[in-house]
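You will see two complexes here that share chain A, one where it goes with chain B and one where it goes with chain C.
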Partner chain A sequence: MALVRTYRALLLAGFQQMAQYRIQSLLWMLFAIIRPVIFLAAWVAIATAQGGAVSGYTVGDFAAYYVCLAWVTQLVMAWNSQEFEWEVNQGRLSAKLLRPLHPIHYSIVDNIVYKVTTLPVLAVILIVISVAFGAHYQTQPWHVVVFVPSIILAAALFFVFGYIVASLAFWATRMRTANTLWQRASFVFAGQIAPVALMPVWLQAMAYGLPFWYMQGAPTEILQGTATPERAAFILVGQVAWLIVCYAVFRVVWRRGVRAYSAVGA
Partner chain B sequence: MIRHGRIFGSFVSAEIKNELAYRLNFVLGLVEMLLVVGTSLGAVLVLFTQAKTLNGWTLPEMIALTGVYYLVQGGVNLIFAPSFEKLMEYVRLGTLDFTLLKPASAQFLVSTRHISIVRISDSVLGFVVLGVGLVMLGEAITPWAAVAFALTLACGVAVVYSLLLTLVTLSFWFVRVDNILAIFWAFTDAGRFPIDLYPGWLRFTLATIVPIGIAVTVPAEAISGRMSLETFAAMLAGTAFSVTFASWFWRRGLRSYTGASA
Partner chain C sequence: MSDAVVHVRGLEKIYKVHERETGVGATVRSFFKRKFKDVPAVGGIDLDIERSEVVGFLGPNGAGKTTTLKVLSGLLYPTGGDATVLGYTPWKREYAFLRRIALLMGNRTQLVWDIPAADSFLVLKQIYGISDADFKSRLDGLIELLELGPLIHKPVRQLSLGERMKVEFAAGLLHGPEVVFLDEPTLGLDVSMQARIRRFVSELNKRTGATILLTSHYMDDIVALCKRVIVIHHGKLLYDGALADLAERMAPYKVVGATLRDGAARADLSRYGEVVSNDGAGRVKLRVPRAEAPARTARLVADLGDALADLSLEDPPIEDVIDRVFSGEKLQAVAS
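Let's look at the complex of A and B:
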């Protein structure tokens, strides 16, 4: 009950802060849109040159895939690992650790506020892209139902994974390399370059074995409606498994990390 | 010119001394760049497992283009991006006074003062990737292609420089322009593919407002011998215009600068 009250207060403060920087949050959305549009354009060019389809993917399928990917990416996105580096480096974490609330709650609130304020705009932009490229969705009602737990699992997985990366800041003051490694792994394995089915077999195998695809590409396939019931089940099982693993790792890393942490200057 | 060269040389040596104090940082920066360039090449290779050409560009040509993309980025990120980032801070704090008092061109000083040495790796890797692409292309490069490449590459960097200078000049009137720069960074990602690939609105943006598209595509066309004379002429004229405009706009903006104590 106390937690609900705390969250209400934090959310209210968050929305008020966000209202001051409306343009800024719109600009950040550009980052969410540009990369999917770039790869969409490349695949459209390839598909058109080959008479409208690549390995069964038509122009409309690619458009649907990348629109869904942009939407999923925005829904699962979390910046905690970048912010955390800054807070540890500046020693600001000390103040937060003294408060009776785990720092993770502040990240959750910031995350919710950002998404609620940006999603309406993103929706409009993505609808325009859908129409412009003639996106072809195969989504059935059951896809939508399965998408809900899948996207929640993906967001949780992304968030916890981000916190594992962030916790490394307790030991190393320079985290950019770890973040870059994560970003580039996502670039290759999460389905940003291509829908996983179009990648070489050995890359597909790696994508299924690593957690990144379960954060972005997998829920995208469900939302787009290309996933069969068996594949959807496979995705959900993979997401739950990775979430359990990541949470366990996070618990260990965090407990050790806080002990190792000595604020810069303390 | 020689004097400016000497000043620039002293900036470089100061930055190198500074950088030598953080060697691990330098190595990690290099590792990051290898990751970024490697995965970008991977993306191109994945696309080409499904196609023989990308809008008329063959695999060797696309690899060369990727090399040019990192060459241009390296050119911008090495000198201009870090200098302009500092410039915005100086304007906000009023410490630009110190730069204006120095007996050299203020535009030169603010554009080149800060150099991020690590980013040389962008250019070096860009060159390597470009070289790989050219070897795969297997055709002898004509002297004309080489000259045209060098010229259009310089033009490309100059056009992007002009855009950045114009954007940061806005900071004389609006204090927070880092957001406007964020637009530029968001669009740079689009330079990794030839500009003719994109739908009309994006192609227009990448050719005019955020010219990263032509800055990469035109030199890549030049070196692979597919640039038309009209493109070459338009590139030279466009560069001359944008450099002149940016320089004029900078002087215009400087007059609105009021300094720290005013």
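Let's look at the complex of A and C:
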């Protein structure tokens, strides 16, 4: 109960704070969906030039995929790794470490606040894109049911992975390169540049062996309705496995990182 | 097991610092092999602080004061030694421990900048699990003591430095900590705000019985608040005892103030002691060895006779003592 009350108070303060930066929040949201929209436009152009489809993906399929990817990106995206570097380098983490609440909770709350405040605008934009490109969804009711645990697992995986990257700030003054590496890996392996199913087999194999696809591409396939029951089961198992691995790594990295923390600047 | 609220034995903290020479070669080499240097910040100090004591922690920049406070509040892991605060090992950062201590660091903000402090206080109330009654009474007390009334409803970023400091204090003390570590609480504040913060800290100690360990570069803070001081330098403890005894223990000299009548202003008094100042109008200050002070003063009186209008024999100002200690001049390490 105490944690629920704490979350309620943090959420309230978070919404008050977010109200001060409405324009910035909207710009961040637009930044997050601009990439899927660019890729959608590119694939639509290619598909149209090739007679309406690429490897069986029609314009409507691409539209459905990228609209779903934008939804998924919005729901899983967390900025904790970037913010954490700033907090460590500025010594702002110190105040949080000295309170009887794990610093991860502040990030979770910030994340929820960001999503809730930007979701309505995103919904309008994506509906417009959906209609404009004639998105073709194959989603069955069971896809929606499976999507719920899948997106929660994806968001948790993204968040914990982000915290592992963030924790590098305990040792490295600048860890933006680690963030950039993660973004570039996601570019290919998370299904941003193209649906993984359209990639060469060896690249698909790599994507299935890395965590990035389970964060974005996999739940996108479920929401879009292209995943078979077997593939959905494969996705959920992969997400659970990666979440367990990442959480274990996070625990070790965090414990060691806090020991190495030099509280510079505060 | 000691009964002291803060119990420290052989505490050490060594920072590993990346070191590199200048030049292209050194830069290239540092890509492949990094050289690290051990920088000892705290070099094995012992101290005990009893409940409700207000202790001043003195030392120049880099002496290890802040590092010690950070270790004792649980922010840093020590390299060696042992410490307990309220019976807890600080760096384990148990929530039961964190609810009973506070580390307040100068102008470092703990509050959310974009919302009024009153809203941040409500968040802290839930984080620390403060009851409604305690929250109200403590907040009322802090508002009264710090004159916070109109400030807590303004967004924090609109407050001046001094105002922000005051609400920071309130935020850090809402949970009623039994041990408070104060690092440079008056840094950057104007004289009037410094005095107000001093009064507040003194009142806090009286009202709540909180144990306070305080660092400050302003001797006025220390003189106003602390009966006991701990002096550290290069991470080593130089002195631990009464502020009143510090000059006697650390400075091997006293100051003779002589006021001379007309005509004697240019008299050479250097044979009685080291002339510290001579304003040319008859007021002269001499530094004399502590052990010889009575004899030299007596000789001065006898030699000058009626030319002497006034005479005083005092301990040197505490700032001078500290300055001489930290600059290594006539250093007498008398840690006890």
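Throughout what follows, the second predicted complex is superposed on the first by the 264 of 266 C-alpha atoms of A that agree within 3 Å, B and C clash if a C-alpha of one lies under 4 Å from a C-alpha of the other, contacts with A are read in each partner's own complex, and residues count from 1 in each chain.
Operating definition for what follows: a residue touches a chain if its C-beta (ideal position, glycine included) is under 8 Å from a C-beta of that chain, and two chains touch if they have at least 3 such contacts.
Remember, predicted model here, so these are calculated numbers, not experimental data.
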{"item": "Room on chain A for both chain B and chain C (clash or fit)", "value": "fit"}
{"item": "Touching partner for A:Met1 - first (chain B), second (chain C), both, neither", "value": "neither"}
{"item": "Chain B versus chain C as contact partner of A:Phe187, first or second or both or neither", "value": "first"}
{"item": "Touching partner for A:Arg35 - first (chain B), second (chain C), both, neither", "value": "first"}
{"item": "Touched partner set for A:Ala13, first chain B, second chain C, both or neither", "value": "second"}
{"item": "Touching partner for A:Gly91 - first (chain B), second (chain C), both, neither", "value": "second"}
{"item": "Which superposed partner A:Val124 touches (first chain B, second chain C, both, neither)", "value": "neither"}
{"item": "Partner chain(s) touched by A:Pro100 [first = chain B, second = chain C, both, neither]", "value": "second"}
{"item": "Which of chain B and chain C A:Val201 touches, first, second, both or neither", "value": "neither"}
{"item": "Chain B versus chain C, judged by how many residues of chain A each one touches", "value": "B"}
{"item": "Per-pair minimum CA distance [chain C against chain B, superposed on A] in Å", "value": "6"}
{"item": "Shared chain A contacts, counted only where both chain B and chain C touch the same residue", "value": "none"}
{"item": "Of chain A, residues touching chain C in the complex", "value": "2, 5-6, 8-10, 12-13, 16-17, 20-21, 91-92, 94-95, 97-101, 259, 261-263, 265-266"}
{"item": "Residue ranges of chain B in contact with chain A within the complex", "value": "24-25, 28, 31-32, 35-36, 38-39, 42-43, 46-47, 49-51, 53-55, 179, 182-183, 186-187, 189-190, 192-193, 197-199, 202"}
{"item": "Parts of chain A lying in touch with chain B, wherever the complex brings them together", "value": "23-24, 27-28, 30-31, 34-35, 37-39, 41-43, 45-46, 49-50, 54-55, 132, 174, 176-177, 180-181, 184, 187-188, 193-194, 198-200, 203"}
{"item": "Residue numbers on chain C that touch chain A, as the complex places them", "value": "15, 70, 73-77, 93, 95, 98-99, 101-103, 105, 108-110, 112, 114-115, 119-120, 122-129, 155"}
